[in-house]
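Before we start, here is the structure in question, set down as C-alpha cells.
Per-chain residue numbering starts at 1, and chain names A, B, C, D, E and F are given in the order in which the chains are listed.
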Amino acid sequence: MPDLGRYATEVLTAYGVSIVALAALVWLSVRQARRVRRRLEDVEARRRAPG
Amino acid sequence: MIALILRDLRLAFRAGGGFGLALAFFLIVVVLVPFGVGPETGRLSGIAPGILWLGALLACLLSLDRVFQLDWEDGSLELLATSALPLETLAFAKAIAHWLTTGLPLVVAAPLLGVMLNLPGPAYPWLAASLAVGTPGLSAIGTFGAALTVGIKRGGLLLSLLVLPLYVPSLIFGAMTATRAAEALDPLPPLALLAGLSLAAAAAMPFAAAGALRVNLR
Amino acid sequence: MVLAVMDLSVGRGLVEVLRGVSFRLAPGAALVLRGPNGAGKTTLLRTLAGLTPPFAGRVEAEPDSVAYAGHADGIKAQLTVAENLDFWAAVFGRDEVGAAMDAFDLRGLADRRAGELSAGQKRRLSLARLLVAGRPVWCLDEPTVSLDAENVARFAAAVTAHLAAGGAAVMATHIELGIGSAETLDVARFAAPPPSAGDPGADPFGGDAPL
Amino acid sequence: MSSLWEYANPRKFMATSGALLPWVSGLAVLCLVGGLFWGFFLTPDDFRQGSTVKIIYLHVPAAIMAINVWLMMLVASLIWLIRRHHVSALAAKAAAPVGAVFTAIALFTGAVWGQPMWGTWWEWDPRLTSFLILFLFYLGYIAMWEAVENPDAAADLTTVLCLVGSVFAVISRYALLFWNQGLHQGASLSMDAEQNVADVFWYPLVTCIAGFFLLFLALVLYRTRTEIRARRLRALLAQERTA
Amino acid sequence: MVLAVMDLSVGRGLVEVLRGVSFRLAPGAALVLRGPNGAGKTTLLRTLAGLTPPFAGRVEAEPDSVAYAGHADGIKAQLTVAENLDFWAAVFGRDEVGAAMDAFDLRGLADRRAGELSAGQKRRLSLARLLVAGRPVWCLDEPTVSLDAENVARFAAAVTAHLAAGGAAVMATHIELGIGSAETLDVARFAAPPPSAGDPGADPFGGDAPL
Amino acid sequence: MIALILRDLRLAFRAGGGFGLALAFFLIVVVLVPFGVGPETGRLSGIAPGILWLGALLACLLSLDRVFQLDWEDGSLELLATSALPLETLAFAKAIAHWLTTGLPLVVAAPLLGVMLNLPGPAYPWLAASLAVGTPGLSAIGTFGAALTVGIKRGGLLLSLLVLPLYVPSLIFGAMTATRAAEALDPLPPLALLAGLSLAAAAAMPFAAAGALRVNLR
C-alpha cells in the first residue's frame, strides 16, 4: 500500500466508488443477460413444442 | 384502499410513469438555480435551504393535477364513486399514493441535491427531517385542491392558485427549520409547528376532498 | 323490489331533461331504455347510479347495490387486462376474476396491455367488470357498442345469467340486445316540458316572471 | 471480404460477437487492472498535487470515454436511420448505460479531486457544466428507450435525441477552446511535448484509457447480445399473445 | 380508381394482423369492412389513412384525398359545435359549414358546448366534419356507434350523396348501415398466418430459427 | 395554420384555460422565493434576475406537455395529420400558440414581478428584452420535446428530462443579460447569443418535431 498522505480519503473514495460503479455495471449487465437468456430459452422451447 | 394505492403506484411506475416526475423536476430546479443566480458558493449556500424547500414544493404542486384527473378522464372516478369505497377513503388513499410517489423520493433526494447547492453541513439531517414531516401535509392539502378542480379541463391554473396560499405556512416553517439548523440555531420549534400543520391537514383533508369530489361528479 | 323509481325528474347542469319517470324493477327483471339521441337515457342512468342528484322524485335501492357502466370505460391503458380486472375485484372486495374472464372470453388477452386492445376487446373488458363487481342492479349505457355479433350474444348470456340469479338490469341502447325477458321503456315519453314558474324541480331563476 | 453490413444481421452478429467476446473481455481486464495497479501502486506523487494525482487514472479515461461513447452512439443511430439495421440501433441502446456510468465516474472523481485542488468539489465552469448536461442527456436517452413501447419507434425517437445531444458532447470536449475561463485543466494529452504530463504518469494513463475503451467494447458487445435476445423475446411473446 | 390497395400487410406494433389485402375502389363505390372484434378493421383503416405505415404492399390514392374518422372523435369539449366545425373547415381550406350542419341536423345545437352533448350528438358532430373536409375518400371506423335509427338514416343519406358525387367510402361496422350499393369485405379472410422466417413484412427478430 | 393558432388561443382562454397557468406559476415562484430564502433585500436583489429567468423557464416547461397531449388524447392530432396541413407547419403553429399563451404574458409580467424581488433599476428593460428574445426559443425547443413524448402517458417526466439540458444555455445567457445590466456591464453580447439560440431553435425545430410526431402517430 503506497503512502497516500493527506489525501488518502479522497483518493481511496475515488477509487472505491469508481470500481464499485464499474463492478455494478458489469454485474447488472450479466444479471440482465442471464435473465433474458433464460426467458428466451423458455419461449423458444414452448415454440418448438407441438401445439 | 390498499388495492387503490397499489394500483396508483403501479401506474406511476409503468411506462414513463409519473413516479420520477416530481424528482426530475426537483433535480431540474436544483441544477438550474446555479445557472440562474450564478455559482458563487457563498451566495448559493445562503439560499440553499429555501431553494430546496421551494423546489420540493413546486415539484409537489406540479404533480397534483394528475391525482384525480386521469381517473376522471377515463371514467374510473365515476366507477370508484359508485363502488363500496367511501370517497373519504378514496381521497386518503390518493393522498398516500401521491406522497409515496412524490414526497418520499424528494425526502430521499434532497440531501443529495443539497450537496450541489453547498448546503451547510449541520442542515442536512434537519432538511431531510423537515421534508419528511412537511411533504405529507403538502400531499394532503394538494389532494384537497385536486378534488376541488377535478373535471375542469386545464384546471391546473386554478389548482395552483388554490393550493399556493395553503402551502405558504409549510414552506415558511420548513425552510426555517433548515435555515436555523444551518445557522446553528435551534431548529425544533418550526419543525414542531410543521408537524402540527401536516397532522391537521391529513386529518381534515379526506372529508373536505370527498365533499368536493361529490359535487364535481354530478 | 331491487330498484324503485318514483316520479323522478332528472337533468344535466341547469336543464331538466326528463320528468315524471316511474318504474319498479323486481329481481330477475330487465328494462331497456330507448329513445332518440339526446333524449336523456344517459342522464337517467347516471341518476339511478347516484352520480347525478335528481331534480325531484326518488330512487329507491339498497345502498351499494348499483353497478354502473357508462360511455367512458375506466380502463387503464398501462395495465394489463388481468391487472385491470384484479383492481376492480379488490375495490369491490371480491377476489375471483376467473368467471368474468370466461364470460367475455378474455383469457387469451389476460396479459395484453389494455391500451393495445381493439375497441370491441376493450368493451368486453369493461363489461367483465360488471361480473367482478357482484352488484345486484346493473345500469348499463350502450353496453354493446363496438361488439360483434358473437360478443353481443355473450353479453346477452351474461345478462340473462345475472337475471336468473336474481339480479336486475337497466340498459340504454339503440340496437337489439336479444334479451327475451326485457321490457322496454321509451324515455322520450317523459321529456320535460319547457319550464314554467313554480315547478318544484326547475331552476329557481328560470321561471316565467321577469325579475 | 464480405460486406461490413453483414454484421447487421442479428444471427451473424451473435456468431461473431460470441467468438470475439472472450478475447476482448480478457484484454479489457488485463489493461484495466494492470493500468490501475500500475497507476495506484507504482507511480510517485506529484510535487504539487500530492497523491491526488492518482485520480487521473480514473478521471481522464472515464471522461474521454464518456464523450466518445456518445459519439459512437451517434454513428450507430445514424446507421439505423439510414440503413435500418436493427442491430445498430440496439448497439446504441446497449452503449448508453455504459456511457452514463463512465460519465458518472468522471463527474464523481472530478468532484473528489476538485475538493483538494480547487477548494470546491463543484464549480459551474463551462466544461463541467456541459459535461453535466451530457450526463442528463444520457439519462434522458435511456429513459426514452424505456418509455416507448414499440422498439422501432423508440429507435427512431432516440436517434433524433442522440443527434441533438451530440452538440453537447462536442461542447464538453472543446468547451475549453470556446470559453477561455474556468478552473478545469487544459489538455494534458496534447501532442505538444512541452505541455505533456511526465512519462511516469503518461504510460499507466494510456494503459488505463485502453482499458476503459476495451471494457466499453466488451460491455457493448455483451449488452448488444442481450438486447438482441430481448428483442427476439419480445417478438416471440407478441406473436404468442396474438396467436 | 380513387383508391387501390395491393397485397397490403398491416399490423400494430410488432405484430402483423392482416396480410394480402387487395381491393380497388372506383368513384361512387363503397366498401363495408366486416369481421369479428380484433380482426384488424381499425388497423386497416389507419393504414389506408396513412397513419400506420404498412408492413408490406401498397396503398395508392391521390395525396390528401383521404378523410379519416376513428373511434376518437377529435372534438374539443370547450368549443361550441359551430366553433368545432369552423375550425376543421379552416384546416381543410373550406369555409362553408352550413351544408354539413344541415345534413346532421346540428343547427339547433350550434351554440352548445361540445362537452355538453350526448353521445349520439357528439357522433353527429364528428360525422359532419367529413362533409366539411371535402375529401373524396372516406375511411370510417364504426361511424354509427351511439346513433339512433333516425340518425343512422341521415348518415346513410350523407354517404349515398357522397358516392353519387363521385366519392368513395370504406367503412368498418358491426351493424347494418343501409347503404344499398355497398360491397362487403370480411377482413377475417386475410388474417395474417403465424410468422415464419424470411417473411418480407415480418419482424426481423421473429423468424423460426433461434438465435 | 392561422386557424390552428386561433383555436389554440381560444381553447387557452376558455373555462379555466391554460392561458394564465404559466403566469400563475411564475407569480407563485416569485411570491414564494422571499418566503424560502428570507427577505433581506440585498440577497434578494442579487439573485433576482436569475430567479425571474428560472421562474419563466419553469413556467414554460410546465405547460409543455399540453402542447400536443390534449390533441392526441381526443384524436385531433391524428385528424390534423391526415389533413392537408404539413406536420412541420403544425409544429410551428403549435410553438407560436404556446409562446403567445405562455411566453408573451411572462415577458409582460416579468418587470412587474421584478419589483417584488428588488431587481436593480437598470436591469428592467434588459430583463424584458432577454425574455422577449429568449422565450420563443424556449417554446420552440419545448415543442420539439413535446413532439418526442406525445402519446407516452405521463410522459411529463421524460419531457422535462429531455428539455431541461436544452434549456440550460438559454437560461445562462438570459440571466447573464439581466445580471450584467444590473451590474452596469454591457448586456449586449449575451443577448445576441440568446437571439442566435432562439433563431436556431425556431429554424430547426419544425423539422425535428414533425419527424418525431410522424413516428409517434404510427
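Structural remarks
Basically, a contact is a pair of C-beta atoms (placed from the backbone, for glycine too) under 8 Å apart; a residue touches a chain by one contact, two chains touch by 3 or more.
Since the structure is predicted, the reported quantities are computational estimates derived from the model, not experimental observations.
Taking the mean Cα position of each chain as its centre, E sits at the greatest distance from chain B. Just count the C-beta contacts per chain pair and the biggest one is B-F. Centre-to-centre separation between chain A and chain B, using Cα means, comes to 35 Å.
Centre-to-centre spacing of chain B and chain E amounts to 44 Å, using the average Cα coordinate of each chain. With centres defined as mean CA coordinates, chain F is found 24 Å away from chain B. We define each chain's centre as the mean of its Cα atoms; on that basis chain A and chain D are separated by 16 Å.
Multi-chain contact residues of chain B (touching two or more other chains) are listed as 11, 15-17, 31, 35, 38, 73, 153. Contact of a single residue of chain D with at least two other chains is seen at positions 129, 136, 143, 147, 149-150, 229, 232, 236, 241. Taken residue by residue, chain C touches two or more other chains at 71, 78, whereas all remaining positions touch fewer. Those residues of chain F whose C-beta lies close enough to touch chain E in the complex are 2-4, 7, 10-11, 14-15, 17, 71, 73-76, 78-85, 217-218.
The touching residues of chain D, counted against chain E in their complex, run 10-11, 14, 86, 149-151, 228-229, 231-232, 234-236, 238-239, 241-243.
Contacts from chain A toward chain D in the complex involve residues 1-8, 10-11, 13-15, 17-18, 21-22, 24-26, 28-30, 32-33, 36-37, 39-40, 43-44, 46-47. Only residues 148-149, 152, 155, 157-158, 161-162, 164-166, 168, 208, 211-212, 215-216, 218 of chain F touch chain D when the two sit together in their complex. Remark: chain D residues 36, 40-41, 45, 50-52, 54-55, 58-59, 62, 97-98, 101, 104-105, 108-109, 112-113, 115-116, 215, 219, 222-223, 225-226, 229-230, 232-233, 236-237, 240 touch chain A in the complex.
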